[in-house]
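Below, subunit A partners subunit B and then partners subunit C, in two separate complexes.
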Partner chain A sequence: MRSERRVIFQVLAWVLLLNLALLCIAPSVLAKSLAKDAGLPSPLPSLQQLVDRAQPGDTIVLTEEKYAGPVIVNKKLKIDGRGTAILSNDTAEAAIRIQAAGVTLRGINILQHPAGGESAAIAVHANEAILEDVKIRTAGFGILLRDADHAAIRDNVISWLPAEDTADTKLGQKGNGIDLYNSHHYRIEQNTIAGMRDGIYLENSHRGNVNNNRLYSSRYGIHCMYVEKTQIHNNQGEFNMTGAMIMGVRDIHVYDNVFTKQSSNVNSQGILLFDVQNSVIERNLVEGNRVGIYIELSKDNQLIENAIIRNFIGIQFKQAEDNKVQANDFVANVIEAEATNSGENEIHGNYWDSAQGLDLNNDGISEIPYAINPFYQQLIAKTPAFQLFFQSPGMTFLSDMYADDREHWTTDSGPRMKINPLSAMPALSSGDAGEVKVLSDQTFILIIASLLLGTAIITIIYSGVSKS
Partner chain B sequence: MTDMLQVAKREIKIGLRNPWAYSFLILFSVFSISLLLVNSQNAVSGYSAITGSMLSLILYLLPLMTLFLGSFSLTGEKEEGSWQLLSTYPLGTLSFLIGKYVGLSVVLLTIVSFGYGLMGLISVLIGKVFDVSTYLLFFAFSCGLVLLFLAIALFVGSLSKNRWQALTFSVMIWFFTVIGWTTILISVLGLLPYLWIKPLLVVLTFLNPAELVRLFVVIKLGGGSVLGPEYYEWVNWIQQPGGSLIFFAVCLAWIGCSIAGVHWIWERGRSRG
Partner chain C sequence: MKNWSLAIILILTLSLAAGCGKTKHEAQAINEDVDVCVVCNMQVKDDAFATQIVTKDGKSLKFDDLGCMNTWKQENGVDNIGMDYVRDYNDKEWIEFDEATYVYDASIRTPMAYGIVSFKDKASAEAFAKEQGVGQILSAAELANHSWQQNQDMMDHHDHGEHGAHEEHGAHEEHGDTHGEEAEHGGEHHGDAHDAAHDAAHDEAQHDADNDKGQQ
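Our next item is the complex of A and B:
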């Protein structure tokens, strides 16, 4: 987990550096070329001319440092910027607009200055586009796909380009990082997206695969609208308003994602499910969010083996029923579960760290159901300052006396006795644990314990037992 | 200074020959081993409901033990007449009190160390190893509790005439600070204007050693987020590198003030005979 964090930091630092570099290079290069070719209509080499001259099937390698947009690609081409070429665009058109099937873009850096409308760095209106290693700084959208099937979008970096006159743009007014509409069978992999409105926005786009993306500081990390049969897995989100916003979808599979620290906004969630049917949400880790998993108006979903750790509210149901919540781990959530106007959800076999279980037949499942006492939740809803009493002995004492309306409490019919070993791991990363250790825990404890015991015994013998 | 050390030495000797001390020692050892078993079922380190309930269990036992041993020691001095004897010597009240405090804390910390040492050894022997930082934090938590409650115990001891009174006061204070605290605060603060609640709660928390030490450990265990956005500045404050030192200073100030208070009471008693 620690090394993973380091990787995240490195990625972030790298993105930042790249942005800085782009920002520094762009104006100076622009000024130089302007001075050199003063009076010429286009001071920068035009990529459009190269594209026009090429035959379908050609590969264009960009050798210059900088090119001017916009470009319309209307034949099957491969454009390789070797990671160094910069395409700068000041018009409201997309810097690169792809209108032919099978176009590949690789290793290009794009600066998309104009904001507003659907101004995007790359707009794809054709099938089978491949976008790889493209680095985008945009004041509008990053990559737009419209009616473009079978796209592969991987290893790209997309971040927000702040306009010079405004200091801070609201998240809601920015463009999306990757935005799909009516584009099916996509693969979106290993992209890094930061500071946009929605990192990845999917609308009416089915049967795709979104995996291994890193999504930071955006409004929603992944936002699905009316999506079917899509897999979302191994993505990582931090500091977004909501990690994954899954709305109006059916038959999707969300697994092995990690969403942490989504708590900056009063409406923050790790994973939000709204009008979701028949989907599987499993093995995700949601840690340190305002709400771990929020489920509204959703039916027949399965939430299995998720680790829900240190959130303010672990899982929240609103008008949701017939969902199956099983084998999840709930650790150190202030409010473990909350349900309003919700019918029957099947909650069984989860691990709750505050449950007192009793396993009579040794099957790992407690025979005593665990009913979640809503007293504390109601108390702090009225006066948030009382949150200070969380799990204090007096609070436990007071909650235990409150047993009103017990049959309506959210209840796990058979809580699991032991935590899933996988979820115990991330918990280790927090707190004061995890310093570099010279000695193993065992030796260290052995030494400390012997010292303590030894000192105590010597003191007792010296002053208590000996006659002097 | 030598007076103080003499008093402390005598106190340690008396304290460790007191059968009460050993009954508490056995109780605490049994108790810490059960803590070990509770914790070993699910190895979650950092803050969780398990560590939370372990904190609660310690909060039940240690303050009570400290209050009893501490206040009985002072009332014992009065009841058995040894204070009357000591008063005839050129012994300063402050030296006497600090000596008492130091001696008693050595006795109590011996009990706590014995319990934790035994628990640590057993945990290594049966192979259920604690996270080192959690173990040390719990030890520090227990020591902090003992030292702060000992200051209260001296108060109780100086205010009460005999052991029975001390016992009554001790149980009262224990119930008030540990169990009744939440209930009483919620009911009383609920009557006050909304904006007063948080500042008052903060002030009162600093006055209750049980809550003060508990919150410190919760935050140190990485559970600061459970306190919610209302207390972010506290969490930052304690988690910064000097946070433990500041906390230590607060505890020292607490003990210092209490001993000053006890000194005042004791001096009044002395001058009036």
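Our next item is the complex of A and C:
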């Protein structure tokens, strides 16, 4: 008995002692960590010192967990963060400013805190920069290129860093993800950009290649201003205000891109072409947008084999002439096409799922042209509130009555009878609801029928036959 | 008595009618969520480059760049304009188009690259031009003779540091002239002259591209 009690007492005593000891140590630990936080200038190792010590051609491997910016790189260096190093920058300068040709940045995580102006995580002012596997969270711009040719920007992730205790920043107030000005021969590949103003902004930058990027929830996914001879392909955009905003360009090639669900804003489009000349837009998929493809003041372009599916308005022309619109598929759009002052386009052989065709010579092309009635568009252009009458019986009736100047309406001279099997494919594979058909229609009907039969029999047995 | 009330009613209606007659065409606030440029379809940012026309029937047309407003005026005429507004570069206050002072330089970056910013007084315009080191100061009347060229510069400027202020401005301007045609085509897209202008601009671009190759 007694010995047991002693043991318990001893244990209790030890526990008490331990607690006391901990209490004594804890404040000192706390104080230490406080000192670390309050210690300004921060005790983080400076990347600038490493850069200053390095010789041109060196590779700097970042072994510490965290570094402090800003850094100016003014010699040819390779900086490798191995995917783990974090560079944190609180100054308005760019976290990394590249001023020498041939600099490579790889595997660095950058936190760019300050907002406003052209504050950017990476600012490149020299040629032949390579930026790879860089993860950027920024309250300003992501990557800025100014007079920097032959840049390669690939596999980076750029997203918005919301400032503390502020409400949601409007898209227009944010910085661009990747922003080029007067920088040519670029390659922008496999980047993921979300929640910025423009995902990729190109101005006065020619002969580049933008491919396989993922662009989400930004104002414009890709925004071109005065760009020439550039290829934009295999990019994917979702939930942006507009997927691709292509303005003031010529000789560019936009193909195999997918822009879906651009519909959150009253002015959303999948692809917008404004003042686009002599360019090719082909095999793109625009699905579930407010407007699939919008084309204004653009000449001599080819729109070929695009799949325009489930948009509110499939394609919209405004003062766009001499364009070739061929072999596109228009499926399940609320309004297939609208056109104003756009008579002279060569529109032939597209598939319109609501067109009533008649194929007399069995060549797959309808002999009845399909004319696009501009009545509704003209009406709402003057008074947008008339959209309230969309597809009301009166509006449909008036549209049908309207035949003014019919020979100048945008018309498909020979609509295709069948959907292009190739362009139907991506539409199915990108089905957003993820509906995978497990059952064939026949088995489905069979199951329903047998279920019905079963319930009928049960009802008869329990309520009908047995009682009488 | 009856005459009195009749007179009062008459006076009231008259004054009401007079009040209605004096419609003010006030500038509306920019709403970035819904406002897009009437001409170029870009979002109108709530910044100093935004401009606005309030028509006589009270409709507000917003533009993201002064150049787009100019394009609209050329296409639609000025008869139906109640008031046209630009913004002060510094405090973003709406000012009447005719009363503002403008600074133009090809190197000033604006949303549609027309390179013109507006100020409420000449002093602040001059201060801006001084700060930038470049910039031609223009009044609203002088803007009527402006070429409205967009800076769609195809030349590579490898040797200048910041494009905020070019040193080789002479060369730049000379180059800009050749692009005047291109800018005009922005204004009159469906004019008959369009084809010619476009071809010329295109040739020029080709020429530049060749130059480009030569340089590298």
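Quick note on the criterion: the second predicted complex is superposed on the first by the 345 of 468 C-alpha atoms of A that agree within 3 Å, B and C clash if a C-alpha of one lies under 4 Å from a C-alpha of the other, contacts with A are read in each partner's own complex, and residues count from 1 in each chain.
The rule is short, and it goes like this: a contact is a pair of C-beta atoms (placed from the backbone, for glycine too) under 8 Å apart; a residue touches a chain by one contact, two chains touch by 3 or more.
What you see is a predicted model, and the numbers here were worked out from it, not measured in a lab.
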item	value
Partner chain(s) touched by A:I445 [first = subunit B, second = subunit C, both, neither]	first
Greater residue coverage of subunit A in the superposed arrangement, subunit B or subunit C	B
Which of subunit B and subunit C A:G177 touches, first, second, both or neither	neither
Contacts of A:G81 with subunit B and subunit C, given as first, second, both or neither	neither
Touched partner set for A:G69, first subunit B, second subunit C, both or neither	neither
Which of subunit B and subunit C A:G208 touches, first, second, both or neither	neither
First, second, both or neither for A:L453, with subunit B first and subunit C second	first
Partner chain(s) touched by A:R219 [first = subunit B, second = subunit C, both, neither]	second
Touched partner set for A:G414, first subunit B, second subunit C, both or neither	neither
Partner chain in contact with A:R146 - subunit B first, subunit C second, else both or neither	second
Those residues of subunit A which subunit B touches in one complex and subunit C touches in the other	none
Complex contacts: residues of subunit B adjacent to subunit A	9, 12-13, 16-17, 41-50, 52-53, 55-56, 59-60, 106, 110-111, 113-114, 116-121, 123-124, 129-137, 139, 178-183, 185-186, 189-190, 194, 197-198, 201, 205, 211, 214-215, 218, 220-223, 225-231
Touching residues on subunit C, where the partner in the complex is subunit A	32-34, 36, 40-43, 45-46, 109, 112-113, 150-154, 156-158, 160-163, 186, 189-190, 198, 202, 205, 209
Touching residues (chain side subunit A, partner subunit B) in the complex	263, 288, 310, 312, 331-332, 334, 351-354, 379-380, 383-398, 417-419, 424, 427-428, 430-433, 435, 437, 441-442, 444-446, 448-457, 459-460, 463-464
Complex interface listing, subunit A residues touching subunit C	125, 146-147, 149, 170-173, 181-182, 184, 203-204, 206, 219, 225-226, 228-229, 241, 245, 247-248, 250, 265-267, 272, 274-275, 277-278, 294, 296-297, 299, 319, 321, 341
